[in-house]
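Across the two complexes that follow, chain A remains constant while its partner is chain B and subsequently chain C.
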Partner chain A sequence: MSLDFNDETFRGDFTFKNSAKAIKRFPFPFPEDSYMYSVNMEPHVPGPVGSVFEHMFDVDEHYVSEMRDRAQVLADDPLRCQSLPHMELAGWDLLELIMESKARDYPHWFSLTKDGNQWHWVNRPLQIEQKFTFLDASTLPYGPMEYITRQTQGDFTLQDQRDDDLWIEAGMVTTQADWSLDFDIGMSFKQWHAPVPLAHQMGIFDRALKFLLKLQHGAPVRRFNWTMTVDPLLDTSPENYPKWGPGKTTMTPQTIGHRQHLRVELQTLHRLPRSNAIAFPIRCYLIRFEELVTVPKWARRLHRVVRDIPDELATYKGFLRNKPLMLEYLAPFDDGQPTSPGFAPE
Partner chain B sequence: MIKTVFEPAIPSRPTYGVLTPGVGSAHLFVADGEGADAVCDLFAQGEGLKASSHIIYIPGANGCDRSAALQALGVPQFHRSPSFAAAQSRLAKVLADAHMGLQVYAAGTEGLMAQVAAAAQHAGLPYEAVQMEHRGSLARRVQCVHCKGVTENVTLDPFVCSHCGLSLFVRDHFSRRLAAFQGVNIDAEDPGLVPASVERFK
Partner chain C sequence: MSVGAPKIPVVVAEVVEVNDLIKRFRFVRRDGGAMPVFSGGAHVVVEMDDHGVRRMNPYSLMSHPADTMGYEISVRRDEAGRGGSLYMHRHVKPGMEMVLSQPVNLFPLDARAKKHLMIAGGIGITPFVAQMAQVEAMGGRFELHYSVRSPVLGAYVEHLKAHYGPRVHVYHDEHGEKIDLQTLLKSQPLGTHIYACGPKGMIAWVHATAKAMGWPDRAVHSEEFLAPPVGQAFEVQLAASGKSITVQPNQSLLEAIEAAGVEAPYLCRGGACGQCETNVLRCDGHIEHNDHWLTDEQKATNTKIMPCVSRFRGTALILDR
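Let's turn to the complex of A and B:
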């Protein structure tokens, strides 16, 4: 593995960690000292150099190890990647979007050469070289969505649009916050969000759906979501809940700083040009509490967010039982000082 | 028995109406248990459909068997099947052979209706094309999210997965594609701490 990428694990001995550089660019998701649902969508335009927003698809130090973890999840359970038959074209749209973005944004790692529909893709970090015919699935070792998302960090779902609704009909889901693609595939927008508490009554999904139905090609948007994860597990799937659930019960005041992670999803939404489907990458970033508290503003603010969150939300996000332990750990970092608005460290 | 009144539920769970005579060239009814009563009520509204109706009936898991009442309707095709699984190939054939204008009706338990709708969708009909009326048992068809096995006629919550043996709690989250509710291991975080089962779905 090259110097650009960590050699680390998200299971077993859990050697995942963030470098000082990765902590500094971590996408802290709270712009203020409290949290409630909101649609909070903004244009996905290039952000500051070095930030996770700099490029369309952020490739960071965890890339190679995350892709190794994904391959293992898929070997254990191939149902984590599914595409209903009519979604193949959307898969090609996604492949094109990712290949063009990565070749443009990271030319030292990726290259894409086209001669009509004869494409030549090179992925140097994963040591992949592939010549194939665009729109001919028989020329790739997997379907187009699976092929490219085995090489791209984050989960992906593809939504077909019809009858004034969005239908989740394809996906690669191995780094999820406890939801099952196998169960949800084929559902409408409100159906797959059905288990989320409070937000339906608040009109969140009505507004979000209305907004997304009008999403334009070339004008992607983004938002954050977040939850908590004990140990740096990418695969917190309901399928494997009996395997990772017990870990939530064995944290102590001595181990929480090392084992408790804030899990942030950078969600982006892209209208696809041929299929008119919407691609929904859900990129997961993990940071352990002891890494996060090295930034004083984030430590203060996270303490206030966890302290004031309604129990119903803490239950849904799966951390109610460890909330007292988290507050005990975070409280000493909260000196009561005001925090500046926005995500930035200070 | 009158139409079931459901508590408000999360948006993935289907809602059901009352069967009304459709306008079409042929009429296919699939019912289980007390669902037979919804079919009989519809026929009581008039004789119009009788000459072009096909009824597939599965006695309920609760022992309810209204075969005689359905047979007495005198439709050209009546089939009594011991289970939905046993009726599936017949249903698929009827749907595949259907002409424009076929009306599809499902009545009885949620699991039965969802499986009929899934079969109809598989044959190219839209989900909305199947009329549904709930009658009788609230027993649920539940997919274990862990082993993917489906357990039929679940009345207890939590219950033991009939495939992998894990204790599962039953969510209201419902997949129309799988025609099933979702079951999730209840003691994943505290193995062995399983609360007593209650009969939630009679």
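Let's turn to the complex of A and C:
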């Protein structure tokens, strides 16, 4: 593996870790000292150099190992990747979006050359070279969505738009925070969001859906979501709950700094041009508590967010049980000083 | 959260007189680059500088969706309208620089349909031209039923027949030919979706006939852009930006807001998409709600207005804009 990428695991011996550089660019999701659901969407425009927003699809030091983990999940459970027949065109739209973005943003790692519909794709980090015919699925080893998302960090879902609603009808989901594509596939926007507490009554899903139905090609948007994960597991799926759920009960004051992770999802939404579908990449970033507290502002703020979060949210996100342990660990880092607005370290 | 897709700076590459009423325009990018691909049924908003008056009219794209070298639209001359189509017909010439919006599709095909049954009237043919090309390329099934006033005014009939053969059926009003919708709908295979685009009366007829024959609403799709109607001039106060403006007889409220330098959201500019919805803070008078978006109850309360097509008569209108 080249120097650019870590050789690490997200299961078994859990050797995943963030470098100093990765900690510095971590997408800390709290712009203020408290958290509640909101329609938090902003244009997905390029951010500062080095930040996770610099490019359309962030490729970081965990890339190669994350892709190895995905291949393992798929080998164990092929239903993590599904696409209803009418979603193939959206899959091609997604493949084009990702290939063009990566080749433009990371020319030293990826290249795409086109001669009409004859395309030539090179992915150097994963040592893949592929000549294929665009829009002809028989020329790729997998369907277009599966092909490209086996080479791209983050989960992906594709939503068809019809009858003034969005329908989740394709996806590659191996790094999820406890929800299941196999269960949700075919559902509409409010159906698949049904388990979320409070947000429905707050009108958040009404407003978000109304906005998304009008999302324009060429004007993607982004939002954050977050939860808590014990041990650096990418795959916290309901299907595998018996494998990872019990881990939550064995954390101690001695191990929490190392085992407890803040899990942040950078979610983006893209209107796709040919299919008129919406692509929803969900990119997961993990950071250990002991890594996070090296940034004083983040440590202070996380303490306040966890302390004041409504029980409904802590329960839904699955950390109510460990909340006292978290507060005990984080409290010493909260000196009561004010924190500056915004996400930045200081 | 504003809709901020970049605009497309273009040059008019070609203007073709299709018949007495219709001209076709082809646009290419000024920098020679590729246009975004689009899906059949999408429209663009064309910005015009009509001797100092800014006009923005939506037109369906009718070029091949995979043709990224240029976009084509057809414009029907409307003598009684506000002047956008007259401007396109009289003043737009090859070589002229113009600006287009990014395409938006408010009339998409249903990807699950086993067959697409398209019903067009007059200039309503344009979105179907792009949709047929797309369905054909994907190997899908479709059938077009197209009514025109007379053979001379049957835009693109020859081209479509030559291309798609027996899948294209043409009806001439002048010869008393009429689509036999009931028989047509009775003979469709399961999984067929119906699409209608054309004059208001035709669209209502398609919906009503299909409904009476038991077709589910979600299998019947239509697109009707309203041209912003002309009317009397009226005054409006914009509370958020602290401006007072006058809307001219042949200007829409949205255009007047934009002309005052106030940013306002929009997508269709035809009363269909809901994007321009604006809160009314005070209304002493009568709002002429011309849109398809607000419910009848909402219209009755006069607390919302769609400035792309709606107008006002009365003494005071204050908007939250």
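Things worth noting here:
The rule is simple: the second predicted complex is superposed on the first by the 346 of 346 C-alpha atoms of A that agree within 3 Å, B and C clash if a C-alpha of one lies under 4 Å from a C-alpha of the other, contacts with A are read in each partner's own complex, and residues count from 1 in each chain.
Here, a residue touches a chain if its C-beta (ideal position, glycine included) is under 8 Å from a C-beta of that chain, and two chains touch if they have at least 3 such contacts.
What you are looking at is a predicted structure, and each value in this text was computed from that prediction instead of being measured.
In the superposed model, A:Val305 lies in contact with neither chain B nor chain C. When the two structures are aligned on the shared chain, A:Leu79 is found in touch with chain B, with no touch to chain C. Contact with neither chain B nor chain C is seen for A:Leu158 once the two complexes are overlaid on the shared chain. When both complexes are overlaid on chain A, the residue A:Met41 reaches chain C alone and has no touch with chain B. Within the superposed three-chain model, A:Ala194 lies in touch with chain B and out of touch with chain C [touch as defined at top].
After overlaying the two complexes on the shared chain, residue contacts for A:Phe183 are found with chain B alone; chain C is out of touch.
In the overlay built on the shared chain, the residue A:Gly245 is in contact with chain B alone; chain C does not reach it. Within the complex formed with chain B, the residues of chain A that make contact are 79, 180, 182-187, 190-195, 200, 238-242, 245-246, 248-249, 321. Listing the residues of chain A that touch chain C in their complex gives 39, 41-43, 86-87, 89, 160-163, 210-211, 214-219, 221, 273-276.
By the touch criterion given at the top, residues 1, 3-6, 36-39, 41-42, 65, 102-105, 108, 110-112, 134, 138, 218, 267, 273-275 of chain C touch chain A in their complex.
Chain contact summary for the complex, chain B toward chain A: residues 10-13, 143, 145-146, 148, 166, 171-178, 182, 184-185, 188-191.
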